[in-house]
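Two complexes, one shared chain (chain A), two partners (chain B, chain C).
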Partner chain A sequence: MKADNLTLKTLEPKNTSVSFKKTKTWAILAIALFFIILPRLGSQYVSYLILTFFGYAVALLGFNLLFGYTGLLSFGHALFLAMGAYTVAFFTSKFSIFPMEIILLVAIVVSAILAALIGAVCVQYIKIYFAMLTLAFGMLFYSFLIKFYYVTGGDEGMRVLRPYLLGYELSAIPKMQFLMGGYYYYALVVLTIATWVMWKIVSSPFGLCLMAIRDNPEKATYLGVDVKRYRWYAFIISGAYAAVGGVLLAPVIGQVDPTLTYWTHSGTLVFMTLLGGFTNFLGPMLGGLIYIFLQDKVMSLTTYWRFIFGAILAFLVIVAPGGVAGVISSLVKKGRRGI
Partner chain B sequence: MVLTDIINILLSGVFYGSILFLVAAGLQVVFGVQKVFNLACGEFYALGAYTGVVFVKIAQGIGLPLLFSLLPLILAGLFLFFIGPIVERGLLRFVYGRDETFQLLLTFAVVLMFEDVIRFIWGTSPQSTPGVYLAYGQINLLGAIIPIYNLIVIVSSLVIAGLIGYMLVRTKFGRIIRATADNREMSEALGINMKSVYTKVFTLGTVLGTLGGALVIPATAAMTEMGVELIVMAFAVVVIGGLGSMKGAFFGALVVGILRAIAISTYPELELLLIYLIVIGVLVFRPEGLFGGSRA
Partner chain C sequence: MILSASDLRKYYGEFCALDGVSFQINEGEFVSIIGPNGAGKTTLINVLTGLLTPNTGKVFYKDREITGIGPEKLSKLGVARSFQLVNIFPNFTVLEFLMVAIVSRLGKGTNFYSSLLRNQEVTGEALEVAKLFGLEEKKNVLAKNLPQGDKKLLDVASAFALQPEVILLDEPTSGVSTSEKNKIMEILVSASKEIGIKSIIQVEHDMDIVFSFSDRIIAMHQGKILADATPQEIEKNEEVVCTVLGQKECFKIFSTLLKR
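Entry: the complex of A and B
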């Protein structure tokens, strides 16, 4: 990512003053509180959009470990998201196994294994070849889902039945009540844990090694980092994260279909990340949130929302590659210098 | 009869391959010179197809016999050349020298925009040119029934391939393209106006895409998704052939076209799967492509 001089510094966990740390803690608490009380305040529809956001947010955390931290652009990452979503569909409607915890665990294990296999091939390459190879795998999975319809339901996809949460069967209550009640908080807790774990990962020596690989692979090699192995680890973690995101998403959308792994859906993940800002830990999630609400708004105004989103993406790439978070942090820096 | 089947499969494969070649050649020339992998070339193809329908209808309106429909189709492809400079000057030129991933994303943005431009102009219902395909008639080749239009497209594609080859090897512009693909700094130092070369090359890439779209249209119908679907195939072609190589585009398109035809007629489940398995195999064992090495 040499193109954008805003990389390393903004990504490192900052050792700033105590007062700033305090504000940060308060900010995080405020965000958490906001999400907790939201279903009680806002409309059901807003909470529904937020639920979709929870799923994407987990996937984006994983995606950015590859893109923002390791410097590898995956154009097929929706593959793992679809893996997660199809796991829910298979377990609930084919195997009649309903506990969400089991489904999550299986999705993580299966997609980690799949990511290990695919990653072993992909991490041999970087840049455009990496992007192309991941795109190819994503499309391979797409055509598998389409063509083997007797297993996967083809382009109609599969229905997702309601999973049990913490052992409770909640199939009796109406759908919206289920989503806004138990499921909302379940997803929020999963997202919180996922965010915390990812924060630990990126601030660990491992995370620092990934950034070193991104900024200067040769130097990282000289310093004794096994570059390909670390890229491979990042790929596996990132795949597992996307699968968890897919698992969370599936009960919300209620039906899984192959477009989940189509290359344009992978493009959506990239778009969200870029919109929020890949140079910031929380940036991609911010991007996901903005994307989902903006898409909802623009789609209600015009059928030609793709054009508007294309223009936004072009603008981002050309003018503000740091995304919204990049713009905010440069404004904050300017403000501080002003004082 | 087996022989008939083989001829049928081969020729429909080569027909599809020759369309693919045009689009992939556009992809390759742009990648060779500008090092930008242009995801939007599928949209140029779709735009060419829709414009082809319009031009054929206009031609029919002024009384041109169906048999001469090839002329308005080629004109439609050429007419769209102006898209090239717009996209290149308006967007792409801002990201030269930036990381490749951002260039890729910018072309993805172009895909999103053009999809809606097409929806805005033509709506979502498929468009076709009824009658044109059959107007050219069919011939019987050893028992296989071959639409003559397919043969015309194959020949046109071969002619275009020949012209491109001639241009690259014999003309001054071709030498400039090859020099730039080989070493940009050196060519610039030798006094080549990079700005104009980039615009011309991107326009050439665009026109190859729109021509492909225009030529395919009598055999199929123009649909909104045809752009994103084609890029997946064109992508397979350039990977199998080798990124940036014109020879690669030619052989890659043949391989993909014929494989696709074989898969469709024997075991349709395998169509994209087979092609993408080969793509992955090529990327793993020979990432420079089966026919890579010879630049642009």
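Entry: the complex of A and C
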């Protein structure tokens, strides 16, 4: 079984009926509504896990621009996630600058600059060489965080203080109330905007060029696409996205440490993406969601959770390379054919 | 003179693939490059399109030197090519495929934000090109699901969509059934008139096609140009006919000559 790659879905044969389009719109609205009312419904713990998901979801959007759309597998993407998370830690606990909007903006700019520098080197290579180079940069950042302990706190990391949201200082309320209240919705809005912007990017002429590069870089070059430059742009956007994900994640975990940029954490992003399906725009996010809940469940049952996750990954790659989203979309297609 | 090469030499290690090749292509010409396997035809195309840098010699497009500048820059100047082996974006529909060329020609590749599908200019032009190549009906078919002949045509169509002044076609009809070959060539010629392509250079093995479509034929052998003349003159050139075309063709052409 082979997974089909991402394309401009809207250009598919016009057998997409109006009723199906409506179903799609309703499905999106239902998902949005679900996330909005969730903190009022379920346990705080579930909402807490969802909040973790919001952070990863943004990072995964960026990761998949590079992997699913451009065909570059970064194995060091946690570097940028860590950049974002450390930005929050530095700003809140070292510089006493609390407004979340400023932190987000700085994280985007700093990580974009870093991604531009690292990317300029990495995009000269493809496939395994690209993956290994990104991994190397991730580990370089890891050692930096460990060695420069007087700045970064070493392996103990740094504390993340509560940021101000839209100028409101919310330090007086209990932590869970802060997370489930204002912060939850703040993160949800950031995720929604990030998803929307990413959707715009992948359905733009630039997105088309990225997919062309993924499918056949030689042909793309002959059609006048500056392959390396476009890969570089994708790398920068992708890095900035991962950083935004890291910023959202930091106040939730409350503490940042170098394991955030350790290669296994980059591996987690790869796993989430494969689990959900890189051939679908929403696939990686779905994978992130499943991963977080599955990990929580399996970890509570056995200490051998990595073993179980390894088995799942092997199963996926062999049986369903399109991930969960791939399975769902093929079921939907079958269902539509059946009607 | 629109494209010219002077004294091109290209070595692969000890092997000399191009051994002092010089020629000029004029506006309005349809030139075929022929020769047995290993004569250096594809190497020549690769050098002309800047994919390979020659060891010595220069390539000029109009008055500008383009030796080794690379395919991406060359496509922007107005030189495009298609490939001997099918070279496609397998997961793209026909229309999306052509849109890549149009986006790139219009310089819209760095447009991160506008919806491609709502861009009438891009979708409209892609549809125009699809129509020219008779691919309109299949506009939403994935390239990998097309029959071989259409894949080949799509590869060529995308090069045409760049609206180049010069196009280099590396065996545009290879791997296509004989009955389809003429159809493809006729589409190519009429499409190039429609688009305003000034010169076509093709590498071709099928001598029927070479002789019926070319204004000029460049015959190559062992990296050298053996003859550069009109089809009528080439037909009479025994050396070319027998070394370049091989015995089978040799026999075929002579028997047709005898019939006349």
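Here is the rule we go by: the second predicted complex is superposed on the first by the 322 of 339 C-alpha atoms of A that agree within 3 Å, B and C clash if a C-alpha of one lies under 4 Å from a C-alpha of the other, contacts with A are read in each partner's own complex, and residues count from 1 in each chain.
Just so we're on the same page, a contact is a pair of C-beta atoms (placed from the backbone, for glycine too) under 8 Å apart; a residue touches a chain by one contact, two chains touch by 3 or more.
The model shown is predicted, which means the values in this text are computed figures rather than measured ones.
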In the superposed arrangement, which partner chain does A:R159 touch: chain B (first), chain C (second), both, or neither?
neither
Based on the superposed arrangement, let me know which partner A:L135 touches: chain B (first), chain C (second), both, or neither?
first
With both complexes overlaid on chain A, does A:F75 touch chain B (first), chain C (second), both or neither?
first
Partner chain(s) touched by A:K127 [first = chain B, second = chain C, both, neither]:
first
Between chain B (first) and chain C (second), which, if any, makes contact with A:K333: first, second, both or neither?
neither
Touch check for A:G267: first (chain B), second (chain C), both, or neither?
first
Under the stated touch criterion, which partner chain does A:K219 make contact with: chain B (first), chain C (second), both, or neither?
second
Go through the superposed model and pick first if A:S143 touches only chain B, second if only chain C, both, or neither.
first
Compare chain B and chain C by how many residues of chain A each one touches, and report the one with more.
B
Would you tell me the residues on chain A in contact with chain B in one complex that are also in contact with chain C in the other?
4
Of all residues in chain C, which touch chain A in the complex?
49, 70-72, 75-76, 80-81, 83, 87-93, 95-96, 99-101, 103-105, 108-117, 119, 122, 140, 142, 155, 158-159, 162
The answer for chain A against chain C in the complex is residues 4-8, 10-14, 200-201, 203-209, 211-212, 215-216, 218-227, 230, 233
Per the touch rule above, chain A residues touching chain B in the complex are 1-4, 67, 73, 75, 121, 124-125, 127-129, 131-133, 135-137, 139-140, 142-144, 146-148, 263-264, 267, 270-271, 274, 303-307, 309-311, 313-314, 317-318, 321
Taking the complex as given, what residues does chain B use to touch chain A?
37, 91, 94-95, 97-102, 104-106, 108-117, 119-120, 228, 232, 235-236, 239, 243, 268-273, 276-277, 279-280, 283-284, 287
